[in-house]
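Please see the structure below; I have some questions.
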Amino acid sequence: MSTQETHRIWAIEEYASLDEPYYEQVGDEEQLFRTAFEQKLPVLLKGPTGCGKTRFVEYMAYQLGRPLTVVKGQETASDLSPSGLPIVTVACHEDLTASDLVGRYLLEAEGTRWMDGPLTRAVKGGAICYLDEVVEARKDTTVLIHPLTDHRRILPIDKLGQVIEAKDGFLLVISYNPGYQSALKDLKHSTRQRFIAIEFNYPPREIEAKIIAKESGVDMNVALDLAKLGEKVRNLKEHGLGEGVSTRLLIYAGKLMVKGVSARRACQVGVVWALTDDGEVQRSIEEVVSSIFE
Amino acid sequence: MSTQETHRIWAIEEYASLDEPYYEQVGDEEQLFRTAFEQKLPVLLKGPTGCGKTRFVEYMAYQLGRPLTVVKGQETASDLSPSGLPIVTVACHEDLTASDLVGRYLLEAEGTRWMDGPLTRAVKGGAICYLDEVVEARKDTTVLIHPLTDHRRILPIDKLGQVIEAKDGFLLVISYNPGYQSALKDLKHSTRQRFIAIEFNYPPREIEAKIIAKESGVDMNVALDLAKLGEKVRNLKEHGLGEGVSTRLLIYAGKLMVKGVSARRACQVGVVWALTDDGEVQRSIEEVVSSIFE
Amino acid sequence: MSTQETHRIWAIEEYASLDEPYYEQVGDEEQLFRTAFEQKLPVLLKGPTGCGKTRFVEYMAYQLGRPLTVVKGQETASDLSPSGLPIVTVACHEDLTASDLVGRYLLEAEGTRWMDGPLTRAVKGGAICYLDEVVEARKDTTVLIHPLTDHRRILPIDKLGQVIEAKDGFLLVISYNPGYQSALKDLKHSTRQRFIAIEFNYPPREIEAKIIAKESGVDMNVALDLAKLGEKVRNLKEHGLGEGVSTRLLIYAGKLMVKGVSARRACQVGVVWALTDDGEVQRSIEEVVSSIFE
Amino acid sequence: MSTQETHRIWAIEEYASLDEPYYEQVGDEEQLFRTAFEQKLPVLLKGPTGCGKTRFVEYMAYQLGRPLTVVKGQETASDLSPSGLPIVTVACHEDLTASDLVGRYLLEAEGTRWMDGPLTRAVKGGAICYLDEVVEARKDTTVLIHPLTDHRRILPIDKLGQVIEAKDGFLLVISYNPGYQSALKDLKHSTRQRFIAIEFNYPPREIEAKIIAKESGVDMNVALDLAKLGEKVRNLKEHGLGEGVSTRLLIYAGKLMVKGVSARRACQVGVVWALTDDGEVQRSIEEVVSSIFE
Amino acid sequence: MSTQETHRIWAIEEYASLDEPYYEQVGDEEQLFRTAFEQKLPVLLKGPTGCGKTRFVEYMAYQLGRPLTVVKGQETASDLSPSGLPIVTVACHEDLTASDLVGRYLLEAEGTRWMDGPLTRAVKGGAICYLDEVVEARKDTTVLIHPLTDHRRILPIDKLGQVIEAKDGFLLVISYNPGYQSALKDLKHSTRQRFIAIEFNYPPREIEAKIIAKESGVDMNVALDLAKLGEKVRNLKEHGLGEGVSTRLLIYAGKLMVKGVSARRACQVGVVWALTDDGEVQRSIEEVVSSIFE
Amino acid sequence: MSTQETHRIWAIEEYASLDEPYYEQVGDEEQLFRTAFEQKLPVLLKGPTGCGKTRFVEYMAYQLGRPLTVVKGQETASDLSPSGLPIVTVACHEDLTASDLVGRYLLEAEGTRWMDGPLTRAVKGGAICYLDEVVEARKDTTVLIHPLTDHRRILPIDKLGQVIEAKDGFLLVISYNPGYQSALKDLKHSTRQRFIAIEFNYPPREIEAKIIAKESGVDMNVALDLAKLGEKVRNLKEHGLGEGVSTRLLIYAGKLMVKGVSARRACQVGVVWALTDDGEVQRSIEEVVSSIFE
């Protein structure tokens, strides 16, 4: 998070990480994603809130923007590639329409002008298109991606009367949280059977502590305590807690401590109250907090 | 799937396969479709997700673009016809409106301009119009096709004040998955009794293996194993699995193996996780996977 | 169905049958319709899917375009009248709005331009206006026709600030299928008590066979078998079949046979699969098929 | 109903009966309406389908266009007044919006132009405004009429930023059929307590026969039989018939007889089938028909 | 109610009573309203249909337009102030949008033009803004008034990118009928706890009779009888009557009597039929009528 | 609340408190908010109606506009900073769309013009953006804030095809009332786990009395009585009262008393009737009132 003295503006299809995103690998997820990219297989990422799916996609976009193997001693990574692949992220919601993804006509003085939507921009520009929480989207949007996810790799735009073939580099990545799934909001089989699927979960304690320390600035001991707190709170999930605590909230607590807020107060504000409004569940979590931060 | 260094753009009503689509015939479906085309009978294709309905329509469009019988030794097929019939595909969804199919007015500097929709383009151009998953569409769209599917073969466009008679070559093809049908989303009898119907299912094991080998690049032994996996998973359907595994997912698994992912991991990512989020069902499928890929 | 090498375009209010539509009379329906036309009584046609209501209206429009009695030996019918009355058909659906029927403003370079809808065109041009499956329409559309169906015969167009009196020749005809009626979708009494009503049903076997032979090209024996099939399938209606088989589907089966498809396969594709997705009901119908086409 | 060789077009706010509408008075309804008009009291008419509410309003508009008492022998009625008061009728429905009643902006070449709706036209022109089946309208439309129906007699038009005071002569008349009322569609008390209410019913047999004879052209004996039929069918109302038969349908039957259709067939087509789709109820009504027209 | 030979048009934000509205005070409601106005406290008026809430707001607007105490013998009230404060009344309904209150862009030849809505006009002009039956409005409209009803007294207009501070004199008054309240349509606490609340009811018999006599022109004896009728009918409320009779309807009955309609007929048309369609309830009320007007 | 002789107009992104808002601190809320601001952690404020959340945000915006520690005796606070940080407040509701927050195109004579919404203005201008009662908003709006509340701090604007990075100073603050929460309207975990959370409640009696006295002008004794009333009424919450009384209503009662309304009447109008329509609950509260103000 660099300092912004004024606001910087990007074209959507060119937005990319300038610095390597910080991501701790857990298994073979990088190899799987890279293979899918090479074989042009659409990818579905499943996992709970704040477990790092978005960060992983950014990390992969950055990695795919440069050769996998660098001959040591000869070139620095930054010589090979100034930045990663562009990545177009769309946070899906129940009012997201096909026009929001594909584009629409704008009325101009000299007549209407077509404005490409983010999906069309990614298709034309060969970018990674990441549809976050795709099950939230309306059905017309999920149907849109069908011809992009089979052998045709095309995007028909009825309002233009055109069919666009995707440029090399284009890859569709979608994600959702299976914990949320309900009968009403489910990916139809005709959609989901178009993706390979990688399941994510919270990182193991050691790795999570490493992430917390790196992101919040607390020392490793405190980070390990916060990671332990995360683990224990996730085990409370059956006791009225809708979802486990995300790594992000543990980092928030760390950031408050770094500025002098006491550990218990930081956990109350950054974890307990942030997670739930239910007094009883709050007390259970606070007991866990006290057992760790005496 | 050819390489696209830049994005290619087609007019919707001219989009056609340049190469013969790969399709393995199972029964007399080609003869039936050809007869329907000659007799101008609208066609309904029924079958499960990913069993090849869309591919079949593309294949038929390609075949109908050339004479049925070729005198051997004199001409090559490519001399007779450079490409297949154009095919206009519309993936239906619950927000698809009549205007999306028929057309709408666009505002231009010099006034409004009428923009034909994909159905109108197919009617005027004599193309095959393929409405995929038609039961998802709103009722106004299904009613639109009534006058196109009886002896009149006309499309009234109220907003233009016109009635368009379909050009020769126009054929309406619709599809749906009877496994999805519910009381709410059903084709009304006044609509369905306007089509002859061909039922599809997953291909038999030998044919499916042939398809998998051809599409993914795995050798025939692995392809037969994957086809066996498909068969067994489809038999699990009563055990909590919404729908059987599509040929497409089996091909995905093959494509991962070809790049060095282990068989079991490829099946986990390409089949098990792709099919379901339910841990118990996942375990059942993984047992099947282990019994085949030891 | 004549061959269309290019697409022919009509103005909606001028669309009429150029050739006499083929229609087999069953009772006094022609006399009743003709009397209603002379007395300016709106007409409601009731009957099941595909029993010939639409064809009957086209036939009557054609007949009313010429004198009833022709002095034999002096003139041919075609001398008297080149074509029938124009007929404006609107297939109703639940998203049909009043604007779709009456008209709307279009934005032009020189300001807005009013575009008459199909009902207004029929009112001004003295055409027959046929609203097919009227119960599907939204309530605002059925209310629209009230002042056109009492002594006033006027159409108020609020957006124009005008009241239009119908030209002689204008007749409103509506239809629906009582088998579909539900409490939700019913014609209100304030609407239905504005029409005389004629009930239709499938034609008797001999007449239906005549129609099948004429339309499909099969010989009379096969046509009689198909008509017998129709009769028997309609008797299955209580056994899980939503609606009886239409004459149209029987003709489809005939058309497939004429091109060399076997009788049983033609009935399977044209009747059994077209009628239902339910395996058990399909087997019942196929038993009927086998008993007729051994 | 005069012959219209071409279509005549009126401005909505000028539409009025050129000839005295035929109406048979049953009680003191004319005096009550006239008093309400003089005292500027809004009027609510209640009654079943087709009992003559609309005709009564037209009749009163015609009568109010001339002095009540004419000195005999000196002037003819037509000398005194060429026509009745203008009457603006709006058939309400559940999609009727406030804009449909009050007006909207139209886009013109030189900018937007405001187009008064029918209610505004009546308010400005001092016409009778008749909202038929007002309970069908959306709530925003009923609220619109509140300031017009109390001592203020104003119509605020927010989109114009104006408040219009009603011209003398303006009277709001609404109607509905209490037989339809449901909990969902009911006039709110804050609306209904702004109107005096007159209840209508079908006319007594002698008067109804007079109306039938006058309107259809049958002789008085047949008309009396049809009126008797009406009475008896209305008594069947509890036996599955949603609503009694309207005078209008009895006239329809008469009009068919006059052209040579047999009495029983005319009643079947004009009454029985027009009233209901239910076979059992149809048989009950046909028994009544046979008992009268042997 | 003065005679309008043509229609008079006001700017919404200038509409005010030219004459002192007739209002009979019942308690300290005038003092409370005046204090609220001085302290800039928003006011909520609660009470049944037609009990005089609207009239009270008009009366107060008129009173607040002039000094409270007039030195007798020196000036007439009309010298002090030609008219009352302007009052902007909005009858709320379930389709009332924020744009209806705040304003919208109109398209003009030279571009879009912003058109202030009635609330913005009241805020800028320092008028009383009266939102009648506010619980009927959509939630976006009630939220709009939050910043106007706390210490900020501002109206943010997002579409203009502006924040408007209310001019002195601006006062928000809302009303509703607690008898209508349901769980669905209730004022949220975050809204209602921004208003002081004054409860209204029908006036006591003597005062109501005075009002009836003044408004309808009947003599005091008849007026007392009508007021007694009102009281008794309100006691019938538990017996199937949704709401008691308003003072307005009693005045209507009086106005009919003044023109020669008999007392019983006037009460039937102006009270009984106006109140209810239920035959049994009608009979109960008519018994009350007969017991008073023998 | 200063006197406004005319209406003052602000640009939304510049609206700020000119005077220091009056706020009584209860705990360490100021330190927590300041730390969150420095660490760029989004803040969620939870608490009941009218407990001071909005005032607190205004107070913090004012404080953050100047250095925290002032060297006494050298400068006055007003020398350091003429005003607070700008604060963009959006009262959320169920019809709030993404366009309302982000912006929209306006049609101008020379074509369309993009108009930034309040969120975009805050992002570009580095203002505090306060979304009040955020759970009321539609899902598309809550999803909008996701990329603004993680490490990216970006706002993608699809309709512009742009990604905006937030300027320093931008902080997202949201609030809601946990007492209202229902299953339907709940903050999704993927949203809520992006905020630290501070819980608010009504201030303790002494502090609340201080606030009441300061805001209404009553003396401290009366203020203490009003605060006691508040406490007691909040304890009635289980007895049918949806929500406790806000400090704001207690101030209203005080403001009425200051102008001479008796204490009991002031509490009835400002507290009892304002809180509830239920007669029984009203009586319970009035008993509490009488026990305090004898």
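Side notes on the structure shown:
As written, the chains take the letters A, B, C, D, E and F, and residue 1 is the first residue of each chain.
Quick note on the criterion: a residue touches a chain if its C-beta (ideal position, glycine included) is under 8 Å from a C-beta of that chain, and two chains touch if they have at least 3 such contacts.
Keep in mind the model is a prediction, meaning the values are calculated, not measured.
Shared contact partners of chain B and chain E are absent; no chain touches both.
Fewest steps needed to get from chain B to chain C, stepping only to touching chains, is 1.
Mean C-alpha position of chain B lies 54 Å from that of chain F. Chain A and chain F, compared by their mean Cα positions, are separated by 31 Å. Within chain E, residues 107-110 each touch two or more of the remaining chains.
Taken pairwise by the contact criterion, the protein chains form one closed cycle in which every chain touches exactly two others. Here chain C touches chain D in the complex through residues 28, 31-32, 35-36, 38-41, 44, 46, 97-98, 105, 107, 109-112, 123-124, 126, 138-140, 142-144, 146-147, 150-151, 153-154, 156, 158-159, 161-168, 178, 181, 188-190, 192-199, going by the rule given at the top. Of all the residues in chain E, the ones that touch chain D in their complex are 1, 3-13, 15, 49-50, 54, 89-96, 100, 104, 106-110, 115-118, 121, 132-133, 136, 177, 180, 242-243, 245-246, 248-249, 252, 255-256, 258-261, 265, 269-270, 273-275, 277.
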